[in-house]
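Worksheet: one structure, shown below.
When the chains are written out, they are named A, B, C, D and E in that same order, and each has its own residue count from 1.
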Amino acid sequence: QEYKVGTWKTAQTIQPFYYQDYVPEGDQVDVFSFTNPADQKTALLAKSLDMCGATLAHAIHSASQGQPVVVVAALCNKCSALVVKKDGPIEKVEDLKGKRIGYVPGTMHEILLRETLTRRGLSPIKDVQLLRVDFFDMGTALAGGGIDAFLSGEPFPALAVDKGYGRILAYPYYGDAVGSINAGMLVRREAIEKNPDLVFSLVKAHAKATDYLNLHQDQWLKKASTFGTPLHILEKAAPNMEIAWDMDPDFVSRAKALGERMQALGVIQKQPDYDALFDLTFVNRLKDEGYPKP
Amino acid sequence: MTTQLKLIPGHKKELQAPPVLQVSKLSKVFKTGDGPMTVLQDVHFQVAEGEFLCVLGPSGCGKTTLLNVLAGFEKPSAGKALLEETPIMESGPDRCVVFQEDTLFPWLTVKENIAFGVKGLSKKEKREKTNHFLDLVGLTPFGDYLPREISGGMKKRVSLARVLILQPRILLMDEPFGALDAQTREEMQDLLLSLWNQFHHTIVFITHDIDEAVALADRILVMQKDPGMIAKEIRVRLSRPRERTESSFQDYCKALYQALKKPQP
Amino acid sequence: MTTQLKLIPGHKKELQAPPVLQVSKLSKVFKTGDGPMTVLQDVHFQVAEGEFLCVLGPSGCGKTTLLNVLAGFEKPSAGKALLEETPIMESGPDRCVVFQEDTLFPWLTVKENIAFGVKGLSKKEKREKTNHFLDLVGLTPFGDYLPREISGGMKKRVSLARVLILQPRILLMDEPFGALDAQTREEMQDLLLSLWNQFHHTIVFITHDIDEAVALADRILVMQKDPGMIAKEIRVRLSRPRERTESSFQDYCKALYQALKKPQP
Amino acid sequence: MKATQNLDAQDGFAMTFNKPNGWMNSFIPWILPALFFMGWFLVSRFEIIPAYLMPSPRQVGEAGVMYAFGTPGEGPYAGRFWVDAWVSCGRVLAGFSLAALFGIPLGVLSGRVDAMQKTLSTSINALRAVPGICWLPLAMVWFGIGYKTTLFLVALAAFFPIYINTAVGARQVSPLLFQAGAMLGVRRMNAVFSILLPGAMPSILAGLRLGLGISWAYLVLGELTGVPNGLGAVIMDARMLGRIDIIIVGIVLIALLGRTSDLLLSGVFRLCFKSARRLA
Amino acid sequence: MKATQNLDAQDGFAMTFNKPNGWMNSFIPWILPALFFMGWFLVSRFEIIPAYLMPSPRQVGEAGVMYAFGTPGEGPYAGRFWVDAWVSCGRVLAGFSLAALFGIPLGVLSGRVDAMQKTLSTSINALRAVPGICWLPLAMVWFGIGYKTTLFLVALAAFFPIYINTAVGARQVSPLLFQAGAMLGVRRMNAVFSILLPGAMPSILAGLRLGLGISWAYLVLGELTGVPNGLGAVIMDARMLGRIDIIIVGIVLIALLGRTSDLLLSGVFRLCFKSARRLA
């Protein structure tokens, strides 16, 4: 049996690189790295991949367009932070009034940014100026003074802090709504129907890898640092990163909240069928099999 | 080289051979932006085996066009051009052309240009043959030069050598010595005549130089312009070698001078 | 046009004017890959105001190089070239050149090429003047053609017209009629002479054609080759118009023929 | 006496075609796109590739209509086209002009001055291999985020073909033409405008056309960061979201705009410069 | 009798330089890079731009040394260079060859056959404006992830300049040369190899050189997705992680490789083809 899995080369999406240790003897896992969830999903749909990571925002967006994708496990939670200039005048979110904030339209982080702003009584349209900046350029833009703040995923916030130009203003997690959910593992619907065992093997490997890495944080970060981010930055970022595999109805309801925000923003036209998008049977089957062992 | 010499049927010259080239009622009309333009009209002549024919005419009268038809580069609009009874369809190494313009291959040296058309010889034979013809046109020191490194006159010599080396039956020459200085031109004329005596090519030689026509030709066709027609045909009955200073030579020149002047109003 | 006519000091011709061009002990050495190459050696001559001087020599003897020095395109390696006592440093519209090669501007029509050097006239005057000189060289129907659309001979006429229109004091002509057919060439020679009679240009005319030199020149410099030197100077004492068929004309031709042959071993 | 340029007719190699008449002439260029479109139509009609991977012409058409004619708010991207196209055209024009402003003079210098050629050619030939995206972080440091960076990236990409082709063209102008010009009274710097540039025009125009094409292609990079709108920005957003239909709309629109601007460029040059009109 | 090509000496426009001797000749190309480097050094020495925005030469040097000579595991990217360079060279070579394989024949056809030119030129001129990144999702659908997609993207980018320059070159070969060839016994298809290609060689080589440069520039795009290594992949990783030092190392390395491959290409062509050696 061969598995092809796609993921980003970041610490919070590292699990696929460990699948090989947890698939049945003789099976082979090929991991492909991407820089963008859309590419992974396209490769998945084109049957070049059996499973891939995707942000939940992207999964919802795909599903609302009728694409046959299913989330079968969580991948990570948290990982976001709102960053401002280190010595700047901004002390609390309210101070962002009238400032320029970097964002990427249509992503998780846009939703979280808007959530954060609205909760503090700032209108994302009237009170601040949102500026399209590629995630990878946000640090440079902040340091160069092109923007006053950005909201993005690790390791950029930790990097900004470490390099000395950034300061973390807030973490955009609010328990009563979207919360800290971030990304999940995606498969094609057809794979679930035709070859559920394959999917299960991958979910199982995913769960085992996740738990192993959670137990051995040093190994996790060391491996992650080979992707290019220095270890000490990862160590700083670690508290804001949570790798995960389990999904429960609560997880799905948070995703629904995310979907509603997305529709309100006009990113999606209609809500996807969340029951079809999130398939909990694999994680449940795993738990039924008595995993994790106490 | 012997194999190729056999191909030249020099012995036929004595027999009253049929004409090699037959041009009958040939017309050529070009379509231009301003409507059709008759460049050649009812041109009619024959060339016998081994004959040296000159075509003399003013600039733009259609000499090159006529040659292009004989070479197979252009199709006649009306009339026929026959090579031994067969209509001329294509160009080929049996009817070699020395062009009016520079048509050497600029990426080949003088030697390589001369050897370009030679086929079916060993490397050594080819080299020797090339050197021989290089010598014939007096360019031995320049064998490894590129066309852009030699003068216009020298280019013409290379053009001559690269067709002579093929020992074609028919040589079509379009003002080949027009770019040479008087002295070199005479040398080249002598050279051409000596080669002609040796190989018995049939030659159609285009020129606008009266002296040159008289010095070379068995027969001269005088062309007129607008439309291109044969105005006069003069057979040159002078023994070779011809002396330009002889009065009979000058008589031919004068006659041609008159013939060229006449059609103009 | 009258303003410019005043610039031509034709009246000076009668006075024993000082030489316009003075070339003394001029040498030109080119650096080549194979070491230095002496192209001109100790060339020494003068040209008087309004004189028609021909330079006759075989191909490659350095005629064009000499002309380039006079025109100011090349610096002498040794010796001097003076224009009225001043060393020639630059080229300019006082010494117009008709080049051996085609140097028309391919992106300009015939008319535009002719008008190229004309300055300081109103549009209308310029147009009229252009048309006048277009007519002088017999190209009136072709004014709007591009250089690539006309024949080599016609290009030469345009080259002539575009310098004649500047009514320069000195005309430097490098085998300008070499590409024309015999008849047109004679017409052009006549035209040149009539213009010369009218405007009294000082002309240095390069040719390799003996007839042409005798037909045109007041004085002929015969150049030899390797290195380029003046082998002989012949003053042509024939009244104009000259008849080619006259025996005195032929005598000059024969003398030049000998002079050209001699230096060769 | 007009010798028509019959490149194909006489040479015994190229096939000879009857000159297609006007109707055919404007028809032929559409054969290939039509065939392509038919293939696409059939592929999606018979669902050889599922629609979520390769949207059908209809889907793309609808997305395109929405993008161009939708009322803002009706859906993502609705009605944004006109503003996007307008600002993108402006950016391409500005970046391209900047590239021409540097590329042509430097190219002329490199083509005619040996020392200049030696100084520049190695560096420029090395730099043109560097991926555009590498410059993005540096450009942001140099120019800050926004319009200037966009301009820099677009201009940088267009610079190379303009520079190289101008240099080649300038080098090929015959020295005899300069002699002729000098003799007719054209003085030093004047020769650049009256002889060098016209003589090198076909090559310069070819360089400009290549550069303009590349300007469009690099618009995406230029609009990746720091500008709120533009065709490139839309394409990058669509890519982020995996909206293949919008990406295809983007491809078609940029291809159309690219071709149009190419024709415009050639047309303007033919109108303004004799040399562009009359040389090859 | 050898008339040297003195383009600059005589024409009264171009400045005349004493021919620099050999030592100077190999020195001049480094002036610009040296100046640039000095500027960079000073900027970072006096901290005009903070190090996190513009790493110092030393930092970049260290990153480069680590990338090239580190032992794997010693740090991120340590010692990866050789493998990366090797696979990237392979991909560029393959993509570039593919582009030449299509570009040259199509270019020759377009240059000599009017109908072909009409059929292709509009489409190709429109498509060359389309940003490379737009093709990525489509290429993934058509070719799957991995080598084939990489190849397609690199080849597509290199195709345009090769095609266009070959077409221009083929069009410019004088019909008289074909007549001369025909007269000397060169038959139809043979003329392509013995006359057309040599005659068009300077233009073809120029196209290939442009194409090779663009191949390198598009490597980043080709290696963006689905391949684990390569210089392009490293640059994208570095970008994703904000490692400007590694990006600069990438710029320098790709510039060096690009220039080297450019010289190699010219060298090989000069070695193999008389026409490349002797024309222009």
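Definition applied: contacts are C-beta pairs under 8 Å (C-beta built on N, C-alpha and C of every residue); 3 or more make two chains touch, one makes a residue touch a chain.
In this text, all values refer to a predicted model and were calculated from it rather than measured experimentally.
The chains in contact with chain B as well as with chain D are C, E. Same-residue interface: chain D and chain E share over half of the residue numbers found at their contact. Using the mean of the Cα atoms as each chain's centre, the chain most removed from chain C is A.
Taking each chain's centre as the mean of its C-alpha atoms, the one that lies farthest from the centre of chain B is A. Separating the CA-averaged centres of chain B and chain E is a span of 48 Å. Averaging C-alpha coordinates per chain places the centre of chain A 83 Å away from that of chain B.
Note on chain placement: the centre of chain A and the centre of chain D lie 38 Å apart, centres being C-alpha means.
Contact of a single residue of chain A with at least two other chains is seen at positions 38-39, 42, 46, 136, 140, 144. Touching two or more other chains at once are residues 1-2, 10, 12, 53, 136-137, 141, 179, 182, 195, 236, 239, 242, 244 of chain E.
Residues of chain C in contact with at least two other chains: 60, 73, 90-91, 151.
Listing the residues of chain D that touch chain C in their complex gives 1-3, 5, 174, 176-177, 179-180, 182-185, 195, 198-199, 201, 274-275, 278-279. Interface of chain E with chain A (complex): residues 50, 52-53, 73, 76-77, 136-137, 140-141, 144-146, 224-226, 228, 233, 236-244, 246. Interface residues of chain B facing chain C in the complex, by the touch rule stated above, are 57-60, 151, 153, 178-184, 208-210, 245, 254, 260-261.
Chain C meets chain D in the complex at residues 71-73, 90-93, 95-97, 99, 101, 103, 105-108, 112, 116-117, 119, 142, 145-146, 148-151, 154, 162-163, 166. Here chain A touches chain E in the complex through residues 6, 8-10, 32-35, 38-39, 42-43, 46-49, 136, 139-140, 143-144, 155-156, 159, 163-165, 225-230, going by the rule given at the top.
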